Every structure is written in structure tokens, then in C-alpha cells.
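These are the structures in question, set out in turn.
What follows is subunit A paired twice: with subunit B in the first complex and subunit C in the second.
Coming up: the complex of A and B.
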């Protein structure tokens, strides 16, 4: 009997291998084609001078020349600085700051009110990006069309203007921040809701004010979710440029690093595409991407998630 | 007295919430108002003389333009293609990762997680080359290559796949395996067990992932990838069509832009309201893309 079971087990085990491959094959192909291969291609391209003028045939290996070009470019420094400012400001004030504020506020007001506000904050995330950015363009538009000018500044007697052009850095931070905040909001809310009620009761019995509850009960327990959101969102902010592309297309000195790479390699007014140089710009982001994703692995309780499948014990 | 101060704090908290949420509220209010107005000054609908009034349905006349319907159908095909692709492929892969033991399982899982956090948008240039190569393949190239709806659908599906696989694996992990084990011992094939026994048990999860994929496909993915890899206007999506409208230098008809925007927003809002609870679960599972 037991011998019979064992052979069956071995049999199932061997059969599993082939069947598992069948189940995984389609996804494997897509991942190879659109993740693994592109990483390799980006690396190769960055060591060539391939561009729309050399075509796909008459290009040369240039080694690290593209990277040297980036280092020596005066534009690189200003774009790096802009990118760092943009990422840091959005992260601190919105993805973490606003996310935390929203999570705390929406758990302290009535549940129905909390759900309502959380839903409203999710709207920008599900709204098509073009529509969302367009709303900001018209909020910030010059008189007489702009909403901000009409509602808040005219009554105060401040001269109307197109606010995106007047404060471009603030504009890209706001536009991205109002999408990004909801990510932290959700993560922090579920973390707060999983804090045992007893802890709050104990704090209340001890006479802790609401602020003290937040400071000494909630915040310490949010340490890991906070770190997770910081790592994960730094990664998305560094590499996402879609909103900026639609809002300013890099005008008013808002061409962040990722948008710079995109313009050089795929989309510019002159129709001159520097694939090699663009790939070098992108490769640096890919490198940061790999590093930060490896770090973010730490925050997905990896061990528990990759435990052996139960069906094993068949 | 105690009660009263409790109330004032509550009201104060709600006020803070309203203030920080104001840009979102004003943005959507503007969208709705200007859709039905001749022109708007801020949030005030005005007529040709700049006085309050000017209600009109003229902005919706774009619905008579055959191009918008072509573009809508494209977007629908694109979003549905992503939905079917992501749900089907990640249901297959997620099952294998949850239930089967094979060499390299650990590695595959770690890779899935890594890719889930990896910013695929940095690979856009290289993906351009991959698509050009696919274009060179006979028959397949015309369907899935550069400048085809099939090609951009494939790329977007791939980008959303790691998250899908990861979520699906989680859904499978929660299904007790007694029934499946009984079926397997009776000689049922894995594929049959997957299709007939397990999938019906995770229907809510599939439903949530499908709606999430559709919303992402209709909104987020329907801009940058089609914008970068498709040239023909007749093949573009609503997002690229709309972007054309706002980025042209000639005077823009704001009302009409708003109407197209609202038109694109309607299905998203419907799905969002219908499935808000299950979507929240997915969002906390981690969202890719925009910040």
C-alpha cells in the first residue's frame, strides 16, 4: 500500500515538471521578449553609436564613450539635480507625507466618510493619464479660463498667469503627487487597521491624547510599510515620465532624466534618434531599477511567500 | 462638553481632508461643467459674451466623427486584449507556482517579484527594437509587430504580467487542495483540475484582476506605449487621440476636449464604482506604473 503510494508520488513528481513548464511557457516567452531581452539590448545599444543616421547597418562599437559623454555633458548635471529635486519633493510631501496624513485622517473620521475620501483619492489613479493631466492644465490655466486664478487669486488681487509655466517644478510635483499619494494611503490604512484595538484602548486608559496615540502607537508600527513605500515609490518616480510628457513635454526646464532618455531615443522634434546615447541614459536608470527592486524584495516577506507547495505532500 | 469637543475635532478633520482634496474635486468639477458649456471662465459656464450661461451639447458633436468610434473600438480591443491575456496567462503561471514543484521554482518566484517592482518603462527603447524584429517575421509581424494594435497589446500585457502572476498565485494559495488532490489521485490531468476544479473557486479573484487589468489597459497603458509604437492615427487609442487635441498649437476647443475626456472616463468610473472593494485589495497588492 505504502509502496504503491510512493511510486505514485514519484510519478506525479516527474509529470509535474513537464506540466509546470507547459503552464509557465506563455508567460515565460513574454517575459523573455519584453523584460529580459530588452535589458540585454539596452546594455548592447549603450555601447554603440547607433542612431537614425547610422541606421541599423553602419554603426560602430564605441565602448563606454556614451557614458563618458553623459559625464561630460553640462546638461546631465542640471537634469540629475532636477530629477533628484522632483523625486525627493514628491516622495516626502505626497507619496509618504500626504499618504500618511490621509491614512490617519480617514481612519479617525467616520467609516463612511473615510471610505468616501479614499475613493476620491483613488480616482486620479484610475483616470486615464491624459484626462487627468488635462484637468491640471485647466486648473492652472491663465485668466479667464483657469480655475485657480478665478477662485483663489483674483479675489486676493494676485495677477493671473499660467501657473505651470510660472512654477514648473511645483507643477510636476503636484501632478504626480496627487496620483502617488493614494498608494501610500492604502498601504498605511491597512497597516493602521491591522493594529490591535487593545493597544489604542491601553493608550486611552493611560490618558494619551490623540496626537500621542499617533506618535507612540501608530507611527512605530508603520516602520516597515513606510520603508516599503519609500523604496517602491522612489523607483517609480525616478523612471516615470508620462505625466510630465503630457503636461509640459519637458518645456520650462522640466525634462527629468527618464524623459531626457525618451526624447533622445524615441521621440523628438528633429527626428534624429540617438539610440546608443539614449540607451546609455536608460541603462543608468535600469541599473538603479535593478538595485532598488532587489532592495524592495526585502520588504515582501519572501520566505513565507516562496514556501514549498502543499501539493508536495501528496 | 466632552461630546462637543469630539464633534469639533471631527469637523476639523473633515475640513482638513476637504482642503487637501480640493484640487481633485475642482478638477473633476471643471471637467463636468465645461463638457456642457460653450466656454468656461474657471468653473463658471459662460456664453459668447462672457456672461453666465452658454449651456450647450455641441461639445459632444465629436460623437458623429467616425474617427472617434474607430479609436474607441481600438481602445476597447486593446484593453480587452490586455485583460484576457493577463488573466489567462497569469492564471496558468500562478497555478504552476502555487501548486507544482519543479526545478527553478524558487528562482521563478523571486524573478516574478523582482519584475513586479522593476520599472519596465525604462525598457521602452529596447522594446522598440524587439517590435521591429517581430515585424520582420512573416505573417506574425503584421499582427504583433511595430505599428500594430496587436504589438502594443502584447507589450502592455507583458508589463502587467508579473503583478498578475503574483496576485493569482496568492488566490490559488488560499484554495484548500483536498478536492484537487482527490481528482489528481483519480487520474485527472493537471490542466483539467486547473480548469474544472480550481478556477471556479477563485472566481472573485479573477473578476477583480480582470477589472483591474481593463481599467489599467483603458487608461494607464493606453497612452505611452501606443503613442510610442503606433504611427497611424486610425490605429491610435482614445488617449493618444486626446493628447493630439491638447498638444496642437492651434486654438483648442476646451469644451470638446473635456467632453472626450469625460467620454473616456465613463467606463472607468462605472467599473470603479462596481468593484471598488475588490480593487482596493489589488491596489494594496502593489500597483505598477505612475508614481
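Coming up: the complex of A and C.
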């Protein structure tokens, strides 16, 4: 009986192996072609001078020249500074700050209301970027269209203007922040909802106020979700530029690093596309992303900021 | 009680701030040009002129069909391939399973915008520029979908699968006849997320498609509303934007409950 079972198991094991191959093959090919290969090509491209003027045939190896060119470029530092400001402000105030606030607010009302409000706050993420950014452009538009001008500033006697041009950094932070907040909101909400209700009851019995409950029960248990959101969103803020592309296309000093790479390599007015140089820019961006992740893991001192939970139930 | 009221007031105020631009946009598409400056939501005089202009100036119906075709094909494939890999990773045992799982997690960490340049050169070399496969094939697989399917399949009782095996079902039959019908929530989530991502995407079509007949909705609307084809007719620009956003927002309104709930419960705990 037992021997019989063993051979059957071995048989199933072998069958598993072949079946697994069949199940994995299509995705394996797609991953190789569209994820692994592009990463390899980025490294290769960044060491060449390949561009729309050399074509795919007449390019040369240039070693690290692209990287040297970037580091010596006077615009690199100002773009890096802009990118860091943009990422830090959006992350702190929206992706983490507002996300956390929304998660806490919507879990303290009835579940039905909470879901409804969360659904509303997800709208900017659901809406096509083109449409979403167009709304901002019209809201911030100069007279006679801008709602912000008419509704809030005319009564105060402030002269109408195009608000994106007047405060470009604020504009790109707001536009991206309203999309970004919903990611943290969803992650934090599910984490808060998985906290056992008993913990809140115990805190209430001990006479803890709302604020103390949040400070000493909720936040400590959100350590991992917080870290996850910080690292993941830092990377995505660093590399995403679609919103900025549509909002300003880099005008008013809003050309963040990723948009710089895109302009140089894929889309610009004079039609000279430097794929090699752009790939080097992208590779450096990965490096910056990894560095920032390490920094937020090490020096953000999340452990000090948020005390260890008293119960290690998660 | 007062505190509770304050909480609701804050939430409702926030919701209004969020909803107002959408309602304003929708109403603006029915306003004559002279009324557009106003922030009132009900047009004094309703006009269809803006929509007429959109339909006569740009191939918006063709773009709609293109978008639908591209998004539906890629989404179906993401679901099928995602379920296959998710099943293999959760219910089959074979050497290297954990390594493969880690590779998939790694692909999730690569932001799509980073591989834009090499992917573009790759597509051009494959001779796929200006073709449907350029829009569909790179989006046929998603690490996120695989992760969601794997997490969900782990909650399906192994005895069910074991019983089917004893009855002589192939793994293929088990997946598509037994496991998949039990997986509607995760299929819905993956389906909505993928469809939405591809429907809304502007960057990739902008790079690989230059033939107007192959353009997707976001691209055509961007060209019209931001690229200047609308000749500064704001009402028409917003009408085109509304046509782009409407299908996705209606779908979202229908599915948002499933969507939020499954997104929150499908193991994305960090």
C-alpha cells in the first residue's frame, strides 16, 4: 500500500515537472524578451553612441563616455535636485502622509461609507492620465477659464494667472500626489483592517484617546506597509513622468530626470534621438533609485520613529 | 458626536473637491463656447456641437475599436498566462520554483518607463513599429497578475485538486475547469487592473504608433486636445476627453466594490 503510494507520488512529481514546463513556457519567453532583454540592452546601449543619426548599424563603442558627459553636464545637478525635491515632497505629503490620513479617516467611519470614500479617492488613478491632467490644466488656467482663479482668488483680489506656470514644482507635486495618495490608502487600509479588534478594545479599556490609539496601536503595526510604500513609491515617482510630460512637457524648469531621458532618447522637437545617452540616463536613475531605497531602509530610522509593537501578531 | 460630524464633513469636503472637476468637465462638453468660463454645473443652453466636432475631426470611432481590441486581447492573455504561472507556482512542485517566483517579483520592481528606450529599439528591430502586435505583445504578461493568482490559488483546498487528479484530470483541465471557475474575484481584479492600465496608457502607443488608423483612444485624444487639432475649441477638447474617460469610469463604478475589496485582501501586505 505504502509502496504503491510512493510510486504514485513519484509519478505525479514527474508529471508535475512536464506540466509545469508547459504552464511556464509562454510567460518565460515573454519575461525574457520584454523584461530581461531590455535590462541587458540598457547596459549595452549606454556604452555606445547609438542614435537616430548612426542608426542601428554605424554605431561605436564609447565606454563610459556617456556617463562622463552626464556627470560633467551643468544641467545634471539642477535636474537631480529638482527630481529629489519632487520625489521627497510628493512622497512625504501625499503617497505616505495623505495616504495614511485617508486610510485612518476611512477606517474610522462605517465600512460602507469608508468604501465609498475610498472609491472616490481612487478616481484620479482610474481616470486616463490625459483626461486627469487636462482637468488640472483647465482648473489652473488663466482667465477666462480657470476655476481656481474665479472661485478662490478673484474674491480675494488676487490677479488671475496660469497657476502651473506660476508655481511649477507645486503643480507637479499636486498632480502626482493626488494619484499617488490612493496607493498608500489601499495598502494602509488593508493593514489597519487586519489589526485584531481586541487591540482597540483593550486600548479603550485602558482609557487611550483616539490619537493615542493611532499613535500606539495603529502606527507600530503599520511598520512594514509603511516601508513597502516608501520604497516602492520612491522608485515609481523617480521613473514616472507621463503626468509631467502632459502637464508642462518639461517647461518652467520641471524636466525631471526621467523626462530628460525620454526627451533625449525618444521624443524631441529636433528629431535627434540619442538612444545611447538616454540609456545611460536611465541606468543612472536605477542607481539613484537603489541608493534612495537603501537610504530609506537604513537612515530613515523607521524603527526609531515607530516603536516596536507590543504584540507581534502580524 | 461633534467629532464624528467633523470627520464626515472633512471626508465629504474632500470628496467634493475630487468629484467637482469631473462633473465640471462633463457639463462643459454640453456648454456653448461662451459659457465655458463659468464654473456652474448645469449649462444654461445645451449643445451637441462639441461632440459633433470631435466625431468629424478625428477618427475617434476607429480609435475606440483599436483601444478595445488591444486592451481586451492583452487582458485575456494576462489572465490566462497569469493563471497558468500562478497555478504552477502554487500547486505544482518542480525544481527552481522559488527562483522563478523571485524572478517574477523582480520584474515587478522594474518600472515600465525605465525599459522604454531598449524596448523601443527592440520593437523597431523586430519590424513591429506601426502594428497591433507592438501594442499588444509586450503587455501580454504581468508579474503582478502572477502574484495575485498565486496568492489566491493557495487558498483553494488541495484536497479538491488531489481528488480531480485521482479522477484522471490533466493539470490543464484542473486549472481551467475546476480552479478558474472558483477564482472570479481574482480574475475580476486582474482583469480590471490590466484593462485599465492598457486602456489608459499613452506613452507606449505614442512611441510605436504613427499611423492614424492604428492609434488608440488616449493617443488620438492627446493629439486632438493637447496637440492642437481642436483649434483651441475647449468644449470639443473636453468632449474628446470625456469620451476617453467615460467607459473606464462607468466600468469602475460597476466593479469598484470587488475591485477595492480584492485589492485589499489579495496579500498585498508588504
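One rule holds for everything that comes next: the second predicted complex is superposed on the first by the 283 of 314 C-alpha atoms of A that agree within 3 Å, B and C clash if a C-alpha of one lies under 4 Å from a C-alpha of the other, contacts with A are read in each partner's own complex, and residues count from 1 in each chain.
Simple rule for what comes next: a contact is a pair of C-beta atoms (placed from the backbone, for glycine too) under 8 Å apart; a residue touches a chain by one contact, two chains touch by 3 or more.
Quick caveat, the model's predicted, so the values are computed rather than measured.
Trainee: State whether subunit B and subunit C clash or fit side by side on subunit A once the two structures are superposed.
Mentor: Aligned on subunit A, subunit C clashes with subunit B.
Trainee: Answer with first, second, both or neither: which of subunit B and subunit C does A:127 touch in the superposed model?
Mentor: In the superposition, A:127 touches subunit B and subunit C alike.
Trainee: Based on the superposed arrangement, let me know which partner A:23 touches: subunit B (first), subunit C (second), both, or neither?
Mentor: both
Trainee: Figure out whether A:296 sits in contact with subunit B (first) or subunit C (second), or with both, or with neither.
Mentor: Once the two structures are laid over each other on A, A:296 reaches subunit B alone.
Trainee: Check whether A:179 is in contact with subunit B, with subunit C, with both or with neither, and answer first, second, both or neither.
Mentor: A:179 sits against subunit B, while subunit C stays out of touch.
Trainee: Examine A:105 and indicate which partner it touches, taking first as subunit B and second as subunit C; both and neither are also allowed.
Mentor: The answer is both, since A:105 touches subunit B and subunit C.
Trainee: Give the label of whichever partner, subunit B or subunit C, reaches more residues of subunit A.
Mentor: On the superposition, B touches more of the residues of subunit A.
Trainee: Once the structures are superposed on A, label A:220 by its partner contacts, choosing first (subunit B), second (subunit C), both or neither.
Mentor: Touch partners of A:220: none, neither subunit B nor subunit C.
Trainee: Quick check for you: in the superposed arrangement, does A:207 touch first (subunit B), second (subunit C), both or neither?
Mentor: neither
Trainee: Return first, second, both or neither, reflecting whether A:157 touches subunit B, subunit C, both chains, or no partner chain.
Mentor: After superposing on A, A:157 lies clear of both subunit B and subunit C.
Trainee: Tell me the contact category for A:74 with respect to subunit B and subunit C: first, second, both or neither.
Mentor: Touch status of A:74: no partner.
Trainee: Taking the contacts subunit A makes with subunit B in one complex and with subunit C in the other, which residues are shared?
Mentor: Of subunit A, residues 12-13, 15-17, 19-24, 26-27, 30-31, 33-35, 37-39, 41-42, 45, 105-106, 108-109, 113, 117-124, 126-131, 134-136, 138-139, 144-145, 147, 150-151, 178, 186-187, 190, 210, 232, 235-236, 238-242, 245-246, 258, 261-262, 265-267, 275, 278-279, 282, 285-286, 314 contact subunit B in one complex and subunit C in the other.
Trainee: Flag every residue of subunit B that touches subunit A in the complex, lowest number first.
Mentor: Result: residues 9-10, 13-14, 16-17, 20-21, 23-28, 30-31, 34, 39-44, 50, 89-90, 92-93, 95-103, 105-106, 108-111, 113-115, 117-130, 154-155, 157-159, 161-162, 165, 177, 180-181, 184-185, 189-191, 194, 215, 218-220, 222-224, 228, 238-239, 242-243, 246-247, 254, 257-258, 261-262, 264-265, 268, 272, 276, 279-280, 283-284, 286-291 of subunit B touch subunit A.
Trainee: Over in the complex, which subunit C residues touch subunit A? Could you list them?
Mentor: Within the complex, subunit C contacts subunit A at residues 3, 7-8, 10-11, 14-15, 18-19, 21-22, 24-25, 28, 36-37, 39, 81-82, 84-85, 87-88, 92-95, 97, 100, 103-104, 107, 109-111, 113-122, 124-125, 137-138, 140-141, 146, 165, 170-172, 175, 196, 199-200, 202-203, 206-207, 217-218, 221-222, 225-226, 234, 237-238, 241-242, 244-245, 248-249, 252, 256-257, 260-261, 263-265, 268-270.
Trainee: Can you name the residues of subunit A that touch subunit B in the complex?
Mentor: 8, 12-13, 15-17, 19-24, 26-28, 30-31, 33-35, 37-42, 45, 90, 95, 98, 101-102, 105-106, 108-110, 113, 117-132, 134-139, 144-147, 149-151, 174, 176-180, 182-183, 186-187, 190, 210, 232-233, 235-243, 245-246, 249, 258, 261-262, 265-267, 275, 278-279, 282, 285-286, 289-290, 292-294, 296-297, 300, 302, 305-306, 308-312, 314
Trainee: Under the touch definition given earlier, write down the residues of subunit A that touch subunit C in their complex.
Mentor: 12-13, 15-17, 19-24, 26-27, 30-31, 33-35, 37-39, 41-42, 45, 50, 56, 105-106, 108-109, 113, 115, 117-124, 126-131, 134-136, 138-139, 143-145, 147, 150-151, 178, 186-187, 189-191, 193-194, 210, 224-225, 227-229, 232, 235-236, 238-242, 245-246, 258, 261-262, 265-267, 275, 278-279, 282, 285-286, 314
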